[in-house]
Amino acid sequence: MLPTTPVPHPTSKASDFSETFRRAYRWMLLARLAEEKMASLYRAGKITGGVFLGKGQEAISVATGIALRDGDVFAPLIRDQAGRLAFGESLLDFTLTYMGARSGPMRGRDGNVHRGRPREGMLPMISHLGAMVSVVNGILMANRFQGRLGSVGAASLGEGATSTGAFHEALNQAAVEKLPLILVITNNQYSYSTPNSRQFACADLVDKAAGYGVSGHTVDGTDLADCLKLIGNAVECARAGGGPQLVIATSLRLVGHGEHDDSHYVSAHLREMPLGRDCLTVAESRILSESWADKVTLDSWHRDSLHQIEEAVAYSTREAAPDPAQEDWCAYSSRQLSEG
Amino acid sequence: MLPTTPVPHPTSKASDFSETFRRAYRWMLLARLAEEKMASLYRAGKITGGVFLGKGQEAISVATGIALRDGDVFAPLIRDQAGRLAFGESLLDFTLTYMGARSGPMRGRDGNVHRGRPREGMLPMISHLGAMVSVVNGILMANRFQGRLGSVGAASLGEGATSTGAFHEALNQAAVEKLPLILVITNNQYSYSTPNSRQFACADLVDKAAGYGVSGHTVDGTDLADCLKLIGNAVECARAGGGPQLVIATSLRLVGHGEHDDSHYVSAHLREMPLGRDCLTVAESRILSESWADKVTLDSWHRDSLHQIEEAVAYSTREAAPDPAQEDWCAYSSRQLSEG
Amino acid sequence: MCLFIPAIIRGLSLPVSFSLHSELLPTLITYLEAIREALAKALNDDPRVYIYGQDVGFFGGAFKATKGLSQRFPGRVIDSPISEDAMVGSAIGASIQGMRPIIEMQFADFSTVGFNQIVNQAATMFWRTGVACPITIRLPCGGTSGSGPFHSQSLEGIYSQYPGLVVLTPATVEDAYSMLLAAVECDDPVIFCEHKYLYYHLKADGLPNEALPIGKARITRAGRDATVVTYSAMLHECLAAAEELAGEGWEIEVIDLRSVKPLDTDTVLASVARTGRVLAVGEAWPWGGVTAEVLARIASEGFNLLDAPPMRLNAKDTPVPFHPNLWGTHRPTAKTIADALRSLLRL
Amino acid sequence: MCLFIPAIIRGLSLPVSFSLHSELLPTLITYLEAIREALAKALNDDPRVYIYGQDVGFFGGAFKATKGLSQRFPGRVIDSPISEDAMVGSAIGASIQGMRPIIEMQFADFSTVGFNQIVNQAATMFWRTGVACPITIRLPCGGTSGSGPFHSQSLEGIYSQYPGLVVLTPATVEDAYSMLLAAVECDDPVIFCEHKYLYYHLKADGLPNEALPIGKARITRAGRDATVVTYSAMLHECLAAAEELAGEGWEIEVIDLRSVKPLDTDTVLASVARTGRVLAVGEAWPWGGVTAEVLARIASEGFNLLDAPPMRLNAKDTPVPFHPNLWGTHRPTAKTIADALRSLLRL
């Protein structure tokens, strides 16, 4: 059974590719099913606030999470459930946060995709797009100051976030400081309803790399094998001192921007294109065609995942909500400075 | 004698190159001498606030100003005295603003390099670097709305300003909207004391163009002839609907960041390189070697310039300072909304 | 301070025509629909107007405030990249070139990314150059349940500190409509704080033909025992509290500021002169902001009108919490306002 | 509110050693030198400290606050690109990884470009995650002659509105030193508002061994006829006004807030209890801000202590003007403060 606690990272880097692929696939599957559960709870009116899913982006996300190791840092964005799990986030962090439980990592203070555990290298995103990249830079600068070499940091963004000044300043900063940053841009063709033609005008987002003096990579975001290899290489490059790595993964958002959105604006043409493939199905076919697992095993993984999700949801539902009377209304670590 | 009021733009675009070169040179000369006058007033303690000079950048600046015509818009930066004059700014705007005269365009409310006349297409920079570029975009969008086609907008920046989020958002915006923007980056090797190695990591700033999907150009900023040709072409491209043009001009700042700064940090090595040449001297040699004017004529231009400057300074010195008792302390155009 | 009645409203001798959208209009019109109607009217009546913001075009905006407008006004309702700085900067440029841009921030909270352009470029343009900068920046403001720290902020007190900005905070469907039209017609940059909680919750029978000018507060409920000064969504909590206290025999006067900069000191002082007691209520954080400014004005200009210390009630001094339990306690509510009023009346 | 005495100050049983810079120290030490000494001491005593900002390295910063430090502390005083957003963002990251970054903004005014990271990321980090964010952001603030609208701003009232930020406004050489050390030691993000006018103008005999904690105001001048509450450079204008009024027989008490968030209401109220009259003076714009907050607190918590309406005096509601004539009139001065005090005493 897959653990709901952080997955142990393989000790040997030379682990068999099929083994990595299977592990990655299982995280993707767990993420997909966990998100589908959230969506159904949302439709049942059981979730306060929004629900944002990563359907169609699990391959690139999991490849990022799985390439990182202890001591690395990850700044996921809203579509990174798979990467979060692979990096070590417990499924409970996901369910407890969505449900606003007092015992969750955000204690009901912040919700859904904003969860994180900074001490464990999992950054809690703020909503403002692009803002997490320079935070990762700072952690990498701190690592350098503290002599902690060989650690890297990965940040996820959508293609829409490349239009923010924050993205630009941070990538330039990483380049000047030659930081081991892996910046993964998932170009899923839309930023909310906005198509790429209204977001940028370059032929390919990877053309930005040269303008920052960083290495650029592109990958088919629907193909798990490619994602694992490419991100794996990019992470190794960064670890080896090669400076920032800009990765552009192409895909299509297979869900609404959030679960409130029917994404009627997504072009049918794009859905038909290869980038419209479902990366989970693609990965599954690969497993079967390579005989890395048989149908019976896949089914058991599916059942295991559902079981874990049920457990996590059931547990989280029973957890107490925050009690405003017990709440510590203090925004200061130096509590004596609070006027609250 | 050169006018202190806006210079009439040539009616024929096919005007003789030597004629354009001479006109440009005279604006450069006037700018250089006017700035030297400001510097000496500054040293004499006669100027409140800072004095910022364009020494070494007159060629690229004048080329920008001279390529623009009525209906175009120009967002100069701190080293654009030559371009301002060529675009049509009166020398009096310069002296009156530095001296804070009530009759100057900024009426003592803002000083030195911040002057402008938005109604006449000359934008009054705010200090925050990069912030003027999107303002130019907006003017160009307005032109499009209003059916005023064929007008362009030019904005100047230093290489340091390419690190700002504002630069990035604005250039991307211009690219998405395919606006006739000419963005001229003068890479003078330093941003205040900060050398390029601490500012960006790309091999050449022009490598940024592809990442925005705009045309990129490079030019030797010390060579007036090259600047005139290149900027002239870039402006024509933009006018013809070719979208944003990113121009990178290479030079060296031959003065301090401001007159308070002795620029001891500028590397001696750079001073010896071709980019350390004084563009004014280079232009003068060209004029003499091509026999576009003789030494006697050059001397008369010099005297004429000095004369104009003396007149402008003398006039401005006699102008009344703002009187706080008479001042209209109202930040609102709808005065009834002012609580002042 | 003299008052500003926009011609766009003044001109309305005939009943407002909703032909643009009439087929969509239900009997009751929501705060959000009022905003959409105002946008449609502005686009229709004034060729200088355009709308620019993320997803405002075909999609109609995150809250659907611009739904259908890009189809009705082709080329004038434009999707922007995720670039708040450039969005505002370009609006400034367009405005000095004669346009009347309306910028939609997807949430007020994201305006912090365009902050520099708003407070340093737009706000100073007229004073520095004498050229007006008529832009309207729509900020979907305020808390709703489950929105958390970055989709709930009330920033009126931040923007009001800057000279040159007009800051409007409509609390009613009618004001959402008429004040947005006034904002577009205003020659100065207007920060238009729409409250998201009111978008769907608040409904009215129709849209107004007349409007109070910008800068004028409204006495929404008359009373003689105490004055409550408030604005935006808190108006409705205050009215509920007043109603509750009416049951206890107290008559509470409730003032809706409508515009927080300028702030209508005269109306506030005249009310305090009648009641002698005042409570200022705001949804923003406690340090500074609208309630501090209101109290400071009353204390310095109306000290002798007071029979008791002026009070204020704000949100708690923490980020806005996600969980409904916490959120409901973080901001003032009818209940905590009623409690504060009871204390005030006992003083 | 209990009080915060930083260990870095508490530990000073021996006289402060200036060995780092002693050869440079003149007999008198300026406000700017005090800041430099504090930076040197922080770098020296705490390996977690580093400085990051434009031109702070070899050049020593636009105001020379970091002069010589990059040479003494190699690799720890780092030139940044012109990227205020990324400067602050990276400091946040470094701080949660155990560092104590000090960010220098070249001018306070440019912090608006890093605004989002400051108010939305740094300010909320602890509350959201329980992980502290100990960064110090140095803002060269306030007006000097000829600096104009974009190099003169006083932004303490903006930042204080945000929960999670500590906002300090030292007015003396001694406080510039000890409060900067306290800021660096503070586990929360501190907005450190240094006043540029004081950089060279203000001198002291030496640096302190002891310091008041953050959050505690100081009675700089005792008096019994009226209280002036102020902070930063305005302290000196207020002291001059008090001196002028002393010549007329009035004893004015002058309170230096030192820290505007938290704000030491107790000290203010205790003084008002003695004098019955109060004037709050600030260099920032009139709407909201520190003086509004001070008046609101006095009015609501100390109403019965007042013998006259509380007053306030701020800059005018326009951008800060460039020309010395205008600038001298835009902000409060000893003369206008003395005039205000005379009115207050007549009330």
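Which chain is which? They are A, B, C and D, in the order written, and residues in each are numbered from 1.
The rule is short, and it goes like this: a residue touches a chain if its C-beta (ideal position, glycine included) is under 8 Å from a C-beta of that chain, and two chains touch if they have at least 3 such contacts.
Here the structure is a predicted model, which means the values were calculated and not measured.
Chain pairs B-C and A-C differ in how many C-beta pairs they share in contact, with the greater number at B-C.
Centroid analysis (C-alpha atoms only) places B farthest from chain A.
One inter-chain figure worth recording: chain A and chain B are separated by 45 Å, centre to centre, where each centre is the mean of the chain's CA atoms. Note: centroid distance chain C to chain D, computed from Cα atoms, is 32 Å. We define each chain's centre as the mean of its Cα atoms; on that basis chain B and chain C are separated by 41 Å. Separating the CA-averaged centres of chain A and chain C is a span of 37 Å.
For chain C, residues touching at least two other chains, in rising order: 80-81, 83, 85, 109, 112-113, 116, 120, 123-124, 127-128, 149-150, 163-164, 261, 263, 287, 316-319. Shared interface positions of chain B, defined as residues touching 2 or more other chains, are 106, 109-110, 114, 126, 128, 163-166, 169, 172, 176, 198-200, 330-331, 338-340.
Here chain D touches chain B in the complex through residues 54-55, 57-59, 62, 79-83, 85, 107, 109-110, 112-113, 145-151, 286-287, 316-319, 321-326, 328-330, going by the rule given at the top. Note for the complex: chain B touches chain C at residues 105-107, 109-110, 114, 116-119, 124, 126, 128, 131-143, 145-146, 165-166, 169-170, 172-173, 176, 330-334, 336-340. The touching residues of chain C, when paired with chain B in their complex, are 1-4, 50, 76, 80-81, 83-99, 101, 116-117, 120-121, 123-134, 163-164, 166, 186-188, 214-215, 261-263. Here chain B touches chain A in the complex through residues 162-169, 172, 175-176, 178, 197-203, 205, 207-214, 243, going by the rule given at the top. The touching residues of chain C, when paired with chain D in their complex, are 109, 112-113, 115-116, 119-120, 123-124, 127-128, 149-150, 157-158, 160-164, 261, 263, 284-285, 287-293, 295-296, 298-301, 303-304, 306, 308-312, 316-319.
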